[in-house]
Every structure is written in structure tokens, then in C-alpha cells.
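The letters A, B, C and D name the chains in turn, as written, and every chain counts its residues from 1.
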Amino acid sequence: MAREAELRIREQLSRLRSLPLLRGARLEGELERLQRQLERIVAEPSDEEIWRSVELARNADRPYTLDYVERLLEDWFELHGDRAHGDDAAVVAGLGRFRGRTVVLVGNQKGRDVKERTDRNFGMAYPEGYGKAMRAMELANRHGFPVISLVDIPGAYPGVTAEEHGQGGAIARSQALMARLRVPIVTCIIGEGGSGGAIATALADRVLMQENAIYTVISPEGCAAILWRDAGEAQKAAAAFKPDAGHCLELGVIDAIVAEPDGGAHTNADEAARLLGDALAESIELFDGLAGDDLRRQRRVRFRTIGQLSTTA
Amino acid sequence: MAREAELRIREQLSRLRSLPLLRGARLEGELERLQRQLERIVAEPSDEEIWRSVELARNADRPYTLDYVERLLEDWFELHGDRAHGDDAAVVAGLGRFRGRTVVLVGNQKGRDVKERTDRNFGMAYPEGYGKAMRAMELANRHGFPVISLVDIPGAYPGVTAEEHGQGGAIARSQALMARLRVPIVTCIIGEGGSGGAIATALADRVLMQENAIYTVISPEGCAAILWRDAGEAQKAAAAFKPDAGHCLELGVIDAIVAEPDGGAHTNADEAARLLGDALAESIELFDGLAGDDLRRQRRVRFRTIGQLSTTA
Amino acid sequence: MSERIDVSIEHRHAPPEDGGRPHPNTCPGCGSHYRDDELDANLRVCPQCGHHFPVHARERIRQLADNDSFAEEAAELRSDDPLDFFDLRPYTERLAEAELSTGLGEAMVIGHAAIEELPCELAVMEFGFMGGSMGRIVGEKFARACESATERGVPLVSVTASGGARMQEGILSLMQLPKTVCAVEDLHDSGGTMISVMAHPTTAGVLASFASLGDVLLAEPGALLSFTGPRVVQQTTREKLPDNFGRAESNYRHGHVDQIVPRPELRATVARLLRLFSSNGA
Amino acid sequence: MSERIDVSIEHRHAPPEDGGRPHPNTCPGCGSHYRDDELDANLRVCPQCGHHFPVHARERIRQLADNDSFAEEAAELRSDDPLDFFDLRPYTERLAEAELSTGLGEAMVIGHAAIEELPCELAVMEFGFMGGSMGRIVGEKFARACESATERGVPLVSVTASGGARMQEGILSLMQLPKTVCAVEDLHDSGGTMISVMAHPTTAGVLASFASLGDVLLAEPGALLSFTGPRVVQQTTREKLPDNFGRAESNYRHGHVDQIVPRPELRATVARLLRLFSSNGA
């Protein structure tokens, strides 16, 4: 499988190299990014490198959704509330102008200091949060605005109220809504892409992942607790289920890796935002001119075929 | 205005009388019903007659939604829950087969004994109830089932939780949903059609009213308390704002009156159900073969023009 | 303008008028008292405590719209009396009195305008006209505002202040709920936008219809936004009401409004939204 | 069938097996103990207290479908091991063992069938196969069941029993959530129907995807339906869990399922729904 991903990227590289450099520095950046992706894939990351991604994805200084919002969007207007029971601060949703066009952005939001962490429930959404995101995405759909979804959630919240308010169903319905949208959806995993909470807002036309983000079906600790019967074996679990961007690309789960500044996104939020912005803009442009019905058909085919076994293809 | 309604009914009468009696007894019933409606309109109801309607509409033995369900629908399957926070027993929603076709029925439901009255909150819906009704109507829309809505609600519930859960917005969104449906919607006011709680599920293609039902913007007591500064003046208020079926027909707010057994629906639930069933069936048939887009356009025009002043037409 | 109220003596903690009702220019938040021109100069927000005084429809339009940009529509419409309604006084008398005291033909003013040079349609309610109640003409005007916005391809900005449906028109006033809802749905189907600004109070039939259906819902600080008013809730349920019951702040906490916007920021916020909803395309 | 468990001695309050785990045929509700044939004859519901024992996929199909009406599809599909996953044992070994013990190729069985002579598609999960976890083959089989239902124009009836996504397939197991969601959306867009029957336990990734998207949601009495299990919730939040936390009864009270249907009524209820969703037109 690594071989296939390698081939795909080599092909993209040679296509890009042969293009007249109309877009100048922008294209240079793309070449560099692909080159780095290629290097990652050829050099299978070690268990230590995977664990470093887990740590960087969770780094407390890593830029969060609103750090990107303030650097990438103009005229930002935040939407609040699910119109039923509350406003979940663990999810941010709003309208803004992104490189000249209006977009709807939804994202998970962790807190920076102790109070904000508590207010934002460590980034773990409640059903009210999915509800707010759904409302924002419906608004995007009604007005033809592309949707940008930034994912950074340790996982759905394991709490009594979250269950009583039906988070299982809410995660399912949020995905179902995304499968119905007739506007482009671009997702980037910018930190932790944790299980159901992550996929709730990641059913996109194009899924990106920052270099040091992770994307997991369960936290490494949770996996270790179940399979190794010891949460302390998280490092082993991570090595086994390979949540790093390189592997996700190799498995076809994501479409591209977004480079981070050397040392990780937290070392230079401005530069991280610039790189993310370029990748998002380029991704949205891919869908310009595509009819809504075709867009959503392609989106569903994408998820219908991800990770399909050769025997079932 | 009374004159216009009279003319409309006289025209219907003569058209029906000239038809070959293909449908036998059914048509006879229709003739009788129109004849009675005509008599009501010609003889302007007295203040006492209006108050009698208020009392009959509230009669504790009057058939409620589920009394009609059990008499009119086969294979009834009740839907429960708003998929967010609860199941409101003051609203009933479900699927059933009505004279050979599957329909979705939503209705307000009062309780019969003390315990049931409390459980069903005296028929006053919470936002969760509107949410359940909306979910059921969306299901109808997805599958092309006609919607029957039976209205019998004293009014929206004046409680803290109902407000905190946003009943104003819920009533607005329920109407908005009905304005979007591409399936036929037939509403009958079967008891109290009280204010926002009633209109939440009454934005229909055809609105019927039982002979002794009332349809009001505020309860007679509430109106009296505000305008007369004395809730005891409810009878005066009722006489002034004319909530009876005859006046509603005259004002063009409803399309037809459904006859009740002599003495009122509570004297003979089976007969009341038969008369209601005939009227509902006939109403649904009116829309057979109409395309969904045309249907909803007509529905919106209906409400766009109800009670329009001649100066604004 | 605002000639109806003319208080020229500036003083703190003004004594209540006869009958115990506080003077309309006395701040219920902190007791400060102002002249009309002082309040107007400050957008009718108390400089001491930030309390938002009511704003009449014409003044609201002046606050929001670019100078001289407002062109009123349907100003000629007047309600009639479909039920010959008579409570303690005839409805027609109440209508005439409301027109005299407000200088408006009904409880809503509509027309086109520009805000920071962005064209839009305005639909602004006047609470002073029979409590901003919605009868057939208010419903009709709102529906026309939606149609006008659709025709010109501009967003609709509605500013509500209403006690609900107009009882004196009986069941016909209830019919204004579905009527205005259908108008918003038509606007949305044509790709249009509605920004709803909910001022104090936005209650009952107006809250339960078009006001709640904006693409974005803004509220003024302290505005009462409830279907049923606090007094009726308390009388009916005997519950102790929570702090801020039904107020904008409570609605925000419970997820029912997008933002609470202090009046001094309202024009800029609406303009930002107009920019966002009009720019689309790379 | 059910040869795996063969208990021939009938007795009450059977002692636990070695290691303290109760015998699978001992009722956790009332302690009654049954032979397999006794339980099978009673649809695996305890005649004493009504407790619903787990039902294997093949037996579930026998309970629901008309005799000999079931024609299995995609039985040949087997999972591979995309990550070379090795925890305490290799994933491939776990797969082989699960197949041996259940006689099934994966944790879901699909095929067409008739219920009370009404044609439908069935997708039934097997909790005995690695906890009914959803990997790529379960996702693929479910998607095929949707497609088969669409092609034949019949409703889909799914019966779920699952601990969630299959960790051993890493992120690819998470991708089965959007995959099955898209399959349901395609089914719905083609006018199709899905009846979801949630048996014990329907949790995590299965609850958070297709199982919650049925047109109608039925649950078996006592079934655990929660995204996160009670133990993890308690360990994480240290909250005292309410009675029935996460159970069907609690979900019903909170508005998340349409009806709780005791197993003896399940076939008739599903048949009623199939009639309702297939008859349309006067």
C-alpha cells in the first residue's frame, strides 16, 4: 500500500514540476510539501516518530481553531447555539471571508487556560455542539458557501448528560447531513482527530491532515486499556494502529498532508496558519464549478470506497 | 363577508346536487354537511351559541386525537421522541393506514383521567413535542405520505422549561417545515385550536374545523384578562373575537366545517370519527396527482392571501 | 423628532410620574434621567449603565441606514376592523389613536435602504403602535418586504419589538404567523437572506414566526424574548422564575440567539453580515 | 444449532463457571437457568422475568424471516489485516478464532428475505464475532445491503449488536461510520426505507452511524444503547450513574428511540412497518 501512495505522489510531483510556474511561490510550496510527504512515506515512520506526533498533536501550545480563524478569516461572525438547549463552547461555528469568498467554518475548540479549558470541556463536544455545527452547515448549504471544518477533539465526551442528550445519534445525523450538502466541504485534522467526535464533522470532499496531527478510532490510552488491559501501554497501541498523517495518507483515509513549521505548528502559529490557509484554499478551488449533486455523489463514492479490500472492489 | 361564504357554499351545494350519486351515502353526507354550514352562516351565531362552542370544544368527554386514531387508522405505529431530549406525551405522532393509504398523523393529545392529564400536560406541548411532530412530518415528506394533523391544544405551555427550550423558535420552525413539505397536509381543529401551539401544526393545504371546535389567537380568558382586565369576562371576549367554526369559515381561515353528531362529538365518538374520516379522506383526495412543488406553492399562496384586505389585494 | 416626550430638566433619580409609572426617560437600570436629545445622541443607551431604552421605528432606521438612503414602501396601508371588535373601546378608535401618537400608519415600517453602502430591505417594528402587535397589515407589510428583497436581490434586515399578535383582529391575527413564515420561506427559496434583530420585547406571535427564522439572529442586551411573558408564566405555574428569565442573555445561554449586540455595534455588525451574505464567489 | 453451548442440566441459580463469570444460559435478571432448546423455544427470552438473552445472527434471522425465505449475500467476504495489527495476539488469529466459534465469516450477515410475506433486505449483526465490532467487511456488507434493498425496491431491516468500531483496523474502522452513513443516505435518496432494530448492545461506532439513521428506531428491552459505555463514563466523570443509564428504557425516555419492542412482538411489529412503508397510493 505504501507503494501505491508513493506512486501517486511521484506522479503529482512530476505533473507539478512540468507546469509553467504560473502561481510562483504557491506552487513551490506545493512541490516542497509533496516532496516531504514522499520522504515520509518512503521512510516508514518509527514507533518513536508516531508517538512524537501524538505528543505534538496534544501540545498545549498548538494553535487551536480560533487561532486559525483570526489569522485566516476576515469579517468573522461567530454563530452560537443549537436553537434547542444550549451553546456548546467546545464547538465553534461561524461565517467569515476566506481569501475573497464567504465560507462557513466549524471547528472543535480547546481552551488555553484552566478556566477556558473547563468552559470548553477540553474540546470535547456535547450533542449541542454537533447541533450547532449542523445548523451552520445547513446555512452554508442554503447560501452556497463552502464549508471548512477543522477537527481537534480528543473524542466524544464520556458523560451522563452527553449520553442522555443522545450523542450517538447526533454524531450519526451530523454525518448524514454532511452527506447531503451540495456545497464543497474541506476538513483538516489540526490536532487530535478522536473517534466519533472527529468523524461527526469530517465527512468531507477533501480531508487534509496537518503533519503532526493524529486521526484515531479510539485514543491510544483507550485502545491500550482494552487490548493490552493497561492504559500505560498507549505508546504500543499507537505504534500498532498508526494514527499519524503519513499512515493515514498511505491508507487513503486523507487526501494530503499539510506541512507545519519545523518543530511543529506551535513554534510558529502565523506560519502554520499560512500553510493551512494555502492548503484549504487550494482544496476549495478544486470543486469550483462542480454542480452540487455531482459534488455530493463524489463525496459519497469517496467514503464508499475508502479502504476497500481488493477482494471487495 | 358572510355573503361571500354563503355564495361559495350555495355553489358547492348546487354542484353536488347535480352530480350523479355515484358515491351514494358519502355524497349525501356531504350535502347535509354543506346544508348545515349554510344554515349556520345565514343565521349569524348568537353570543350564547359561540360560548356553547367554547364549552363543547373543552368538554372533558370530547374525543381526543387517539380516540380518532383507533377508529380511523389501521396498523397504527406511534413514533416517540424528538431525538434530542425527550418524548412529549402532549403530542402524538405516528404512521398508520388511512382508507388504504399510509399517512403520518400528528396531533395534540389531552389526558382523560387525572394521571394522564398530568402526563400529557393537559395537551399543552413542549418544544420537544413540536420537535417530534417535525420529525414525523419530515419522514412523511421523505416517503411521500400525506400528513394529517389534528389540533386540540389550549395553547403553548406557559412554563419556564418550555421557554428555556425555546418554544417560540420551535413553533416558528415547525411552521417553516410545513411550508416546505412536498406532500399534502390536512389539518382539522378537533377541539381547542389555541394560539401559537395550534398554528405550529396547522400550516396545511386544507384546514378543517369540527362544528364545535374553536380557533383562537388567545384563550377567551387571556383575552378578557388583557383587554377587559378581568378574566371573568371570557364570554364577552369570545363574543368579540368569534372563535367558532362558522366565523372562521366566514373569515376564510378554514376551508370547511366537519359536522358532529347532534349534541356534540362527545355524544357519539364513533359517528364523530366517521364524519371526520370522510372529511379527511375527501380533503386528501383533492391533492392527488398534484406535484409536490405545486402543492407547496399553493399552500404558501393560501396563507399569503388569507384575510387579505381588499385595499392590499 | 420624538416630540411626544419632551423633558428638559436633567436630574438623577427622577420621581415617578403620577400613578407611580416611572418617566420613560428615567433609566430603569440605574435611575439616571435624561433629556431626549441626550438619549438620542447616545443611540438611546444609558451612558451610565448601558441600559437599552426603546427605539422608535423611524429613529431605528436613522440609526441603522445610511443618511437619506431609506425609501419607504407601503406606507399607505391601514388596518380595518374585520370583526367590529369592541372591548372597552372600539378597535378603530385604538388604531386612530396609535396613528396620532406615533405618526405611523401601522406597527411596522418597511422600505429599502443601504447600510454602509450595502443595499438591503428594512422591516422595522414600532412598539409604540399598539404594543407592536401584529395584525393583518403588519403581516402584509412584512410579506411585501420579503418580496421586495427578493425582487431586488438584497438581504432583508428585520428589527422586531412586539407584544405578539393583535387580539382585536381575532383569528386573522393568528394567521399572520403562517403568512410571515411562508414569506420567509419564499425569500429563502429564492436564495435570499434574512438578518433578524430582536429588540425589547420580541414575544409571542412575532417570536413564534418570522423573527425566529432569520439566517442569523441578533438580540439587543436585556431584550425580553419569550413566547409567554414572565408574569403569565409565574401566575400559571407558581414557579420561581430564574434570573434573567426570557431575556436575551438567557436565550443566548440556552442556544436561541447567535449574538447579543450592544446598540453602538449594531450598525457595524449588520453591515458585516450584509458583506458576508452578499460576497460569494472567488 | 447453538451447539457451542450445551447445557443439559436444568436448575435454578446455577453456580458461576470457573472464574466467576455466570453461565451464558443463566438469567442475569432472576438467576433462572435454562437449556438451550428451552431458551430457543422462547425466542431466548427468560420466561420468568422477561430478560432478553443475546440472539445469534442466524437465529435472529430464523426468528424474523419467513421459513426458508432468507437468501444470504456476500457470505464469502473476509477481513484482511491492513495494519498487521498485533496486540497481545495477532488480529488474523482473532479473526480465525471468531469464524471458528461463530461459523460466520464476519460480524454481519446480510441477504434478502420475507417477513409475513413482505420482501425485505436483512442486515443482522453477530455480537459473538469479536464483539460485533465494525471493520471494513461489516461496513462493506452493510453498504451492499443498502444497495441490494435499493435495487430490489424493498425496505432494509437492520438488527444491530455491537461494541463499536474494530480497533484492530485502526482508522479504517472509523471510516466505516461515514461509509455506512453514505449508504443509508443513498438508500433514502432512492426512496428507500430502513427499519433499525437495536439489540443489546448497540454502542459506539454503530450507534453513531447507520443504526441511528433508520426511518424508525426500535429497541429491545434492556438493550444498552450508548456511545460510551457506563464503565468508562463512571471512571472518567466519577458521576453516579442514573438508573438504567444508557439502556433502551432511558433512551426512550430521552426521546432517542421510537418504541421498545419485546422480542415476541418484534416480527409482527416489523411486518406492520413493512406494510406501512410499502403501501402507498390510494
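One rule holds in what follows: a contact is a pair of C-beta atoms (placed from the backbone, for glycine too) under 8 Å apart; a residue touches a chain by one contact, two chains touch by 3 or more.
On a predicted model such as this, the values are computed, not experimentally measured, just so you know.
Undergrad: In contact with chain A and with chain C at once: which chains are those? Just list them.
TA: B
Undergrad: Give the chain pair, either B-D or B-C, that is connected by more C-beta contacts.
TA: Between B-D and B-C, contacts are more numerous in B-C.
Undergrad: With centres defined as the mean C-alpha position, give me the chain A-chain D separation in Å.
TA: Spacing between the chain centres: roughly 31 Å.
Undergrad: Just give me the whole-number Å value for how far the CA centre of chain B lies from that of chain D.
TA: Those two chain centres are 41 Å apart.
Undergrad: Report, in whole Å, the distance between the mean C-alpha point of chain A and the mean C-alpha point of chain B.
TA: About 48 Å separates the centre of chain A from that of chain B.
Undergrad: Any chance you could list the residues of chain D touching two or more other chains?
TA: Residue numbers touching two or more other chains: 254-256.
Undergrad: List, in ascending order, every residue of chain A touching at least 2 other chains.
TA: 83-85, 131, 164-166, 169, 173
Undergrad: Using the contact definition from the top, classify how the chains connect: line, ring, star, complete or other.
TA: Graph shape, chains as nodes and touching pairs as edges: none of the named types, so other.
Undergrad: Could you list each pair of chains that touch one another?
TA: Result for touching pairs of chains: A-B, A-C, A-D, B-C, B-D.
Undergrad: Flag every residue of chain B that touches chain C in the complex, lowest number first.
TA: The touching residues are 1, 156, 158-160, 162-169, 171-173, 175-176, 179-180, 195-196, 198-200, 202-203, 215-218, 222-223, 226-228, 237, 240-243, 247-248, 251, 253, 299-300, 303-304, 306-309, 311-312.
Undergrad: Over in the complex, which chain D residues touch chain B? Could you list them?
TA: Touch list, chain D to chain B: 188, 191, 193, 215-216, 252-259, 269, 272-273, 275-277, 279-282.
Undergrad: For a test of understanding, state which residues of chain A touch chain B in their complex under the given definition.
TA: Those residues of chain A that touch chain B are 83-85, 127, 131, 164-166, 169-170, 173.
Undergrad: So in the complex, which bits of chain C are touching chain B?
TA: 77-80, 82-83, 85-88, 136-137, 140, 143, 165, 167-175, 177-179, 181-186, 203-205, 207-213, 225-228, 232-233, 236-237, 239, 241-242, 245-246, 250-251, 254-256
Undergrad: Along chain A, where are the residues that touch chain C in the complex?
TA: It is residues 75, 77-87, 95-97, 99-102, 128, 131-132, 139, 142-145, 285, 288 of chain A that touch chain C.
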